[in-house]
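The structure under discussion is supplied below as structure tokens; questions concerning it will follow.
Each chain carries a letter (A, B and C) given by its place in the written order, and its residues are counted from 1.
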Amino acid sequence: MRPFELKKRHSGLKEKVIRFLLVSAAVVSILTTFGVLFSILFEAIEFFQMRSFWYFITGTEWSPGVADSKFGALPIFSGTFVITIIAMSVALPVGLGSAIFLSEYASPFMRDHLKPLLEILAGIPTVVYGFFAAITVAPAIVHFFGLFGIHASFNSALASGVVMGIMIIPVISSLSDDVIRAVPDSQRKASLALGMTTSETIKSIVIPSALPGIISATLLGLSKALGETMIVVMAAGLRPNLSWNALEDMTTVTVRIVDALVGDHEFNSPDTLSAFALGLILFIVTLVLNVISLSLIRKFKEKYKINTL
Amino acid sequence: MKKNLKTKVSVKDLNLYYGDNQALHGITMDIYENQITALIGPSGCGKSTFLRCLNRMNDLINSVRIEGNIIIDKKNIYDRDVDEVAVRKRVGMVFQQPNPFPKSIYDNVAYAPLKHGIVKKGPACDELVEKSLIQAGLWNEVKDKLSEPGTSLSGGQQQRLCIARTIAVQPDVILMDEPTSALDPISTEKIEALMLELKKDYTIIIVTHNMQQAGRVADMTAFFHMGDLIEYDDTETIFINPTLKKTEDYITGRYG
Amino acid sequence: MNTSKNNTAQADKGGKQSARNHPFYDPTLKSRHVRSKLFKLFTFLSITFAISFLLFFLGDMIIKGLPAFKQTYIEVDVTYNDKTIKSTRRAIDKKYRKVVSRAWLRNIPRLVKQNPALMGTTQPTWVLANSQVDQYLKGHHYKLKDKYRKLIDTMNQDGKVEMRFNKIFFTHGDSKIPENSGFKSAIVGSVLTLIVTMVVAFPLGVMTAVYLEEFADDNRWTQLIEVNINNLAAIPSILFGLLGLAVFINLFGMPRSSPLVGGLTLALMTLPIIIVSSRAALRSVPDSIRQAGYGLGLTRVQVVQDHVLPLAFPGIMTGSIIGLAQAMGETAPLIIIGMIAFIPDAPGSIFEAATVMPAQIFTWAGMPERAYIERTAAGIMVLISILITLNALAIYLRKKFEVKW
């Protein structure tokens, strides 16, 4: 009996140690999210103790680094908004169109070969997109509008918006493709048997059924666009510009965060801390988008009882 | 066979192949107007495949090749100038699993007629929806909740909604692929009663596994085996006095 | 059917009479089919747009980057003596000084040391050309006076100009002299940073996944972790940079710009990817394996360690490689923690200032000289090749060990 007992006690201890390690690992994973939140939150609070929160949200002048510095982020938000809208108006139709083609029209052979190509698009580092936007797309836009005598900036919102849109295509197409394929085939058959054409079936039956998933994908893409940094740092401007003209240069939240933190500033100055205030806004907005997106996709899964998405 | 009846669907030498496998061998049969024709036979005998030929649903499968003619109202539906979408409009189909769209009850019925341009949105559409639901025997149960999702109904109600949806397009022929196999006995009974009602206006072709069901509702019965049409006659004849030994064996439950 | 009467009746409507003569003719269908085809065309054009962009983009990078793998060398007389060792500029005839790379001249003392016989002689030597010469010969925009252009043209005719493989790109770090700048310190920096990342993220991620899949009960606590992980995956990467700056550098006082801080920051970003893919891999191991283990009287830890983990391992590896590839391409958070410093020499440890491949690309992209643009594109080619290789490896692993239960 004895050796058995010994062994049992030994494995019991080992078991406990391993369990403890596993729990600690899980705890670290949780702490990370809170770490991100609190590290940003504390510095942001410090900023708002120095500067007015209200002016930050509604003010229209952003002028750090000068004696009478002002931190009104409205033109930064508007620039972010314009570039995001441009990006989404490229990514949504193309991403959704691609997803529909892959899931409804493409033969298995085409699908097997086209999908990995789209995934390559998702794997390209954003710094590469940024280089492409700055070196190839932005001059092309200036040149193109120049033909019509329209002036466009070399840091136009259009250039970074379009390239950002291309970057987001796979985000939207991949998730949409999954949800569209998850719509039961019986729905399509029922519609076709009523004498509907393929496109009528897709538009009236398949897409509405997959809509929660598609919206979820869109929100995810939106959150990616808002948080995208390298493309705008390289191709968009630095100038806070409250304008709707996509051919002008504009700046974004992420660009100003980078600008505030690169270079030798004193850490506790409002110039540096303003980056954390902007970061806090970005964190909250993307978190809300993500939470909505996740709850939509969960509802979709429950509806069709899928566990694999 | 029956001189007083009008032929609605005439199938001639129908062969069907899945790739290299032949699934239907030279089927020839006439299906009569305003009758219920039951297709029976063991699993995999080709009766469902045959049913799907009648509204060209098999066209959706790439590997399927079809030879022969199916003539409905004097026109071969496999002719080159016939659009399979138009065929499906005139030959409706009800599936084994109730599959209402994830839309409201009203929209489930109104969807196809609106797309086909049979009616426009408004009172005419409301009327058609009501008429179809009444015909499907569902109106009294759903008239107060037309805007609720079709999927909120019970299984039997869902299947009747699918029937309402099919007749709203005003087809000539309704195909039913084991429409009650997923339902409880009470719902089954309702659907069977409904079929007897509907045959006044439509030609109904039903695939069934349930011999009693065929006996209860069908006027004509066709027995399929291994992709062949073995015997096709009055339901009574098939059940009481079949010509062939094979049919008798199946009917009496010796295999299948 | 086709009586002449019928034909005339339909003729005035135009179109194919015979087609309209049967019960299955539906006049609304023609336009509906057109719309159906247009819709299909739209979806086809969408994917064509996405794919052709990819091809255009990759092609653009290759066209811009390929020339960087060749570099111009010219043959000039070099004088080796005491004077020229001290003031290397003088080693070369005045005429050629503007076309020779300043960086190459620094080699003269080393050359003499290696080969003392050179001392006091003047030898025709192949010398790295100035980047403007290089750009001129590659047909790009250049800033070169006419005088020197003619000089290069004559030298070219005399066979004194050569394009050689650009070894410098792989053996040197960054430099303010374009023709002398290379990708090496960025590659080394990336390797060091990613080692830190994987050493931290891999065990943490796998252990979290094992805990969640194999040990935790499905309660509010696990759901909280689950929601957390999903949210972590969607936090914009730049915010991890803010965390790195505020926590690792300011709070813990770790060295700025170091692979240590960069690696830790990227580890937090990679964590959710590894957790999610490891969980999927663990979930795909059928319960019968676990039941069999318990049936033999093994403890839960033993079952997981000896039976479940080995089976899930290929899946875990696949996910980790994909996570690694993503971390390798990440730039924004590293900029925030200062990994865009000018690093001429490869870092020797994880505590020294370093840069990584994407950050080097970013730095070069911002340089005014044309010569850096082709180096940027060349850097991109190197980076993307590595990323594609990693992803291909992940796909290969997945295919090779794919088991259908």
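Here are a few things to note about the model shown:
Following the convention adopted for this analysis, a residue touches a chain if its C-beta (ideal position, glycine included) is under 8 Å from a C-beta of that chain, and two chains touch if they have at least 3 such contacts.
These figures come from a predicted structure and were not determined experimentally.
Core chain by CA centroid proximity to the global CA centroid: A.
The chain with its CA mean position farthest from that of chain C is B. Here the spacing of chain A and chain B, counted between their Cα centres, is 49 Å. Spacing of chain B relative to chain C, judged by their CA centroids, is 58 angstrom. Chain A and chain C have Cα centroids separated by 19 Å. In chain B, 85-87, 89-90, 115-116 are the positions where the chain touches two or more neighbouring chains simultaneously. For chain A, the set of residues that touch two or more other chains comprises 197, 200.
Among all residues of chain C, those that touch two or more other chains are 32-33.
Contacts from chain B toward chain C in the complex involve residues 72-75, 77, 79, 81-83, 85-87, 89-90, 115-117. Residues of chain C touching chain A in their complex: 32-33, 35-40, 42-47, 49-51, 53-54, 57, 60-61, 64, 203-205, 207-208, 210-212, 215-216, 224-225, 227-232, 234-243, 245-247, 250, 268, 271-272, 275, 299-302, 305, 325-326, 328-332, 335-336, 338, 340, 358-359, 361-362, 365-366, 373, 376-377, 380, 383-384, 387-388, 391, 395.
Of all residues in chain B, those touching chain A in their complex are 55, 57, 60, 85-90, 92-93, 95, 97, 99, 101-103, 111-112, 115-116, 162, 165-166, 169. Those residues of chain A whose C-beta lies close enough to touch chain C in the complex are 11, 14-15, 18-19, 21-23, 25-26, 28-30, 32-33, 35-36, 39-40, 42-43, 93-98, 100-102, 104-105, 114, 116-121, 123-128, 130-132, 134-136, 166, 169-170, 173, 197-200, 202-203, 220, 223-224, 226-230, 233-234, 254, 257-258, 261-262, 267, 275-276, 279, 282-283, 286-287, 289-291, 293-294. Residues 1, 16, 18-19, 22-26, 28-29, 32-33 of chain C are the ones that touch chain B when the two sit in their complex.
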